[in-house]
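Listed below are the structures to be examined.
The following pair of complexes shares a single chain, chain A, combined with chain B in the former and chain C in the latter.
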Partner chain A sequence: VVLSSVIGRLAAGADARVFAVAGSGASEAVRDLRLADGLRLVDTPRAADVLLVAGGIPPALAEPLARVHDALAHPRATVFWMPGVPPPDLVAALSAPTIVTDDDGIVPAVRRAHRELMTGERVSEPPVLPDEDAVPWRGVGPYGQGGSGMTGGTPYGRPMAELGADRDGLRLDVLPLSVGPFFPRFPSGLVLDLKMAGDVVVEAVARDNPFAEEARRPTPGLQPFLRALSQPVAIAELEVARARHHLRWLADALLAHQLGSLGVRVLRLATTLTPDDAEAVERLARTLTFTQVLRWSTGGVGRLSPDLLAGLGAGPVARASGLAEDARMDDASYGALGFEPIALVEGDTATRWRLRLAEAIQSLDLARRAGDLRTEQVGRVEGPRGTLEPGSSPTERLMAIVPRSIEGLEWGDAVAVLTSLDLSLDEAAAARVPAAARGVA
Partner chain B sequence: VRPYAPIEIAVPVVAATLIAGVYLVAVIDRVVAALVAGRSVSWSSALLGPVRSAAFLLVQQRMVTERSDAPGWTLAPALFAGLAAVALALVPLDSGRVAADPATGFVVFSAAIAMVMIAVYLHGWSPNSPFALHGAYRYSAQALSFQIPFLLAMLATAIPAESLSIVDIVEAQESVWNVVRTPLGLPLYLVVGVGVSFWGPLNLPEGADLADGGSLEDSGVARLSWTVARYAMLVAVAAMGAAGFLGGWWGPWLPGAAWVIVKTLVLLVVLIASGHLLARVRIESFVVFAWVILIPLALFNVFLSGAFLL
Partner chain C sequence: MSLLGPVGVALTVFVAALIAPLFLRGLSDALNRASVTAPERVPFSGGLPPTVHAWSRYHARYYVMALVFLAFDMEMVFMYPWAVVFVEEGPIAFVEMGMFITVLLLGVLYTWRERSFEWS
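Let's look at the complex of A and B:
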């Protein structure tokens, strides 16, 4: 008894392990939790004791959310961060959910939940779904293992591989696998139905955007750009927001390449970035060279041809493939600043990284020189992910090429390419809802 | 007849060394992570953090998956930690002080490293989970590729000693350390050492792109024991590196044991830092690199080592 109370007290002092689910409008806030002390974001619910549900959860994600909840090991607790959005169904299924509405309350609430769980003051949450097999298999088939024939059925609850052509022209086993919607390396809400031949993605099909009907809250980082759709906005504000966005993306991308500690450093720079920090970004670019992330991790991976991207308004992704597409070129105010879009030709993943770094530095330079200058063009804005128009976002247009950009790649490369596309499904939905309904001033 | 420490001394000493080493790995990892992240390093959190994390995993319940292989899941960390203990037992702490010094120490060490593949595969296979299995296969691919260069890098240390005993290999470095005699050896060994313990750039079996891969389904004691085993292997690899390439107990002023510890720590810091400063490699390019570049380099290193004997 004494020993278990000592262990409990020690465990209460450990970082809270948080598996975070980002709903609409919350991806930035969730990412920024990496800067907080006393908690650690983990990649798998098995490693977590606190489930953080942040932002709006559309009905389509209710069931996957319940599954994630039940995947956490006991003792577990759920903290909902619901800034002005209706709570999801999961709240009703729990006896004592913690609901936080203000930004500053998240970290203390998570830490308190963790502490109370470890010392036994809080009871672990029971499962919300019935304990049954995802696919019925017990007792099915000639040996009760769920299979039938050579490759039929779902033996032991797992689908069997089927035969399919592989990249060397052979017919080998192909395994169906669905990844998402809360896979930590994917944009929140993305589900890919994959066919894998070993490590290689043979076929990928993206499911519908679950935020389509839901997202009314764009992330704070995107708000200046959405405002610029309907009114002139200070160029300095837009360009600092763009540089911040690229650095936040970089922090995530570093994590995907197992450089999470460096990612924290980048994230801190992103949250405090001012137009005078161009030198810090340049230093950062030199550090990246040392890590080899632009060489052995991403160099030559996932080349996208300009033909594939032409006319998509895919922003940095298009410009990394040599297309000088940029809505800022049509804006007279940017013309007055002598703006020229940066375009690189290689079109591989490393080039998309380099381009965003170069653009972040360029944006800070524009912000420094812009003074009080405001945008002139409305109705079409170059957002950090590409051209934004009312009812149309770069993510939505890029989704069409997602299958083609990862098919034939090994899984690690597929993740690298998806990361480098910088998709955001809730941005896609937020742009689709007209500005008036979004409640943007 | 070669000296073996009596078993009632050898087992506790090796176990205590492993536990201390695992704790040190966790502390160093925290300090390096904080430095790279630009966070201030609080000594209390660096020193107490690993203990608290372990306590957390002891409180956490162990979840099992649908139709998992329970014995395999439980035994894999034990096998892995056992292999680390076998490897560490061969490393002499000082002249004449070693838990086990078989005439074929080098072969025993290589066998332990080769068997890691079984532990990692078993661990990834047991939970009946796609990404965990995926991680297990990745380790097989990388292990098959680095085991030959690993053997060759170690073999170059046995040639000047004209013996396969680890004690003899250290003994032979009295005048010149192997890191000077065969300069390619240590870098080769470190690349492969990172691969064996799937750390940092070669952490592909449990990579970020697989959301922890082989350990994806681990919680509670299962996660704790696997982490301990993994850190233990890192300690064994660093200790053997210190013995094989950095002259083991040889060094001025300090007693031999102190030199062994200092050299092991230096290698540990290098290995751990690689996890925070080098990006994950692509498995395909690593496999090609291992077969096309590492093996010829390691062979050249063996010739170089042999040339010194002539």
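Let's look at the complex of A and C:
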């Protein structure tokens, strides 16, 4: 008892390990928690003490959320961060959930939950799902695998993977694997039904957007662009938002490439970015080019041909493949600033990184020169991910090419390519719902 | 040492090594008040349960690299007797080993050309 209280007190002083689930409208806020003191976002619920559920969770994600909750090791606690959205079903299943509705209270609430959990003031949450194996052990067969022979039968009641041809001309197992909706390297809500031969993605099928029925407010970073769909907006505001978005994306991408510390620095720059920070962004771009971080891990990976992307309005992804598609070209105000879209030709993952950095620098330059200039065109806006139109978002259009862009790649490359496409299912849903229903002025 | 003798010391270490893990395991079980439930045992892939068992046969592609490494690593064995007689034999030993290494190097270049060092 003495020992466990000493260990508990030591643990209470450590950073709270948090597995964060971002519902609709919350992905940016969750990422910004990386800058908070006393918290550490982890990539698997196994390593977490606290489960943070932020934003709107549609009914389709209720069961996966319950599974994530039960995957946390004891002792565990759940904190709900629900600014203006109804809490999910999981709240009802817990005896004493913490619900936070304002933005300032979230870090203290998570810290408190962690401390109380470690000192024993708060009891660990029991599982929400029944404590029984989906397919119980049957113990039949000479190897206890429920069938006969080494590869026959159904171990733990689960069938074995089926056979398929592999890239070396062998016939080996093809493992069906569903990844998502809360896989930390995927955009929140994305579920891919994959077939894996070893580490190679043989086939990928994307499931429907779970946020599609949600009429929620979009993330704050996207709001200027959605506003620009219906009214003139200051170009300076749009372009700073675009540069911030690209840097936020870069922070995420660096984290996906295991460069988390650099990612946190970039994120800090992104949250405070002003048009005068162009030099800092240029320095960042030089560092990334000079150190060859991009080239080695992403050069030549996930090349997308211009034919595949033509007409998708896929913004930076299309421009990295040599298509000079940009809705800003049709806007007279941008014309007055002498705007020319940046287009690079290679179309691989490294080029998409380079292009976003170049665009961030270009955006800050435009923002500096724009003064009070406002956009003239409404109804069609170049968002940070591509062309936004009422009822249609770049993510929605890019989803069609997701399977083709990752099939045949090794898993690590597939994740790198998905990251470089910068998808947001949340944005896709927000663009589909008319602005009036979303409550955007 | 003198009290137990060499056999006694070995026996003591053996018994201690047997007891230590059992003790640590017991301590861990005593401190841990929660049992692992079925949903906790399921591998995490983002919130969806696995549909097939993870006993999956796949091509261990590193085997070529492993074999090449083993082959060339074994050649190093010949360097030990050579190092012993190197001073006695003088330059002639150096030339002989140079020839041996050259042959090996040709082998490495051949394997390189056959793309054995590439992952995919």
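By definition in this document, the second predicted complex is superposed on the first by the 411 of 441 C-alpha atoms of A that agree within 3 Å, B and C clash if a C-alpha of one lies under 4 Å from a C-alpha of the other, contacts with A are read in each partner's own complex, and residues count from 1 in each chain.
Note that in this section a residue touches a chain if its C-beta (ideal position, glycine included) is under 8 Å from a C-beta of that chain, and two chains touch if they have at least 3 such contacts.
This one's a predicted model, so the numbers in the text were calculated from it and none came from an experiment.
Colleague: Would you check which partner chain A:D133 touches, where first means chain B only, second means chain C only, and both and neither mean what they say?
Modeller: both
Colleague: Quick one: is A:W411 in contact with chain B, with chain C, with both, or with neither? Answer first, second, both or neither.
Modeller: first
Colleague: Could you say whether A:G198 touches chain B, chain C, both of them, or neither, answering first, second, both or neither?
Modeller: Both partners, chain B and chain C.
Colleague: A:T291 in the overlay: touching chain B, chain C, both, or neither? Say first, second, both or neither.
Modeller: First partner only.
Colleague: Contacts for A:D372 in the overlay, against chain B (first) and chain C (second): which applies, first, second, both or neither?
Modeller: In the superposition, A:D372 contacts neither chain B nor chain C.
Colleague: Between chain B (first) and chain C (second), which does A:V264 come into contact with in this model arrangement: first, second, both, or neither?
Modeller: Touch status of A:V264: first partner only.
Colleague: If you stack the two complexes on chain A, which partner ends up touching A:L177: first (chain B), second (chain C), both, or neither?
Modeller: The answer is both, since A:L177 touches chain B and chain C.
Colleague: Let me test your reading of the model: by the given contact rule, A:M118 touches which partner, first (chain B), second (chain C), both or neither?
Modeller: first
Colleague: Could you look at A:D102 and tell me whether it touches chain B, chain C, both or neither (first, second, both, neither)?
Modeller: In the superposition, A:D102 contacts neither chain B nor chain C.
Colleague: Looking at chain A, which of its residues have contacts with both chain B and chain C?
Modeller: 7, 44, 46, 71, 73-75, 133-134, 156, 158, 175, 177, 183, 198-199, 410
Colleague: Taking the touch rule as given, give the residues of chain B at its contact with chain A in the complex, in rising order.
Modeller: 32-34, 36-39, 48-49, 51-53, 55-56, 58-63, 66-67, 128, 130, 134, 137-138, 200-201, 203-204, 207-212, 215-220, 223, 275-285
Colleague: In their shared complex, at which residues does chain A touch chain B?
Modeller: On the chain A side, the touching residues are 7-8, 10-11, 13-15, 17, 43-44, 46-47, 49, 71, 73-75, 118, 133-134, 156-158, 175, 177, 183-185, 198-199, 255-262, 264-265, 268, 290-293, 296-297, 301, 410-413, 415-416.
Colleague: Taking the touch rule as given, give the residues of chain C at its contact with chain A in the complex, in rising order.
Modeller: 31-34, 37-42, 44-59, 61, 120
Colleague: Where on chain A is chain C touching in the complex?
Modeller: Interface residues on chain A, with respect to chain C: 3-4, 7, 44-46, 61, 63-65, 67-68, 70-75, 124, 127, 129-134, 145, 151, 154-156, 158-161, 166-168, 170, 172-173, 175-183, 186, 191, 197-199, 410.
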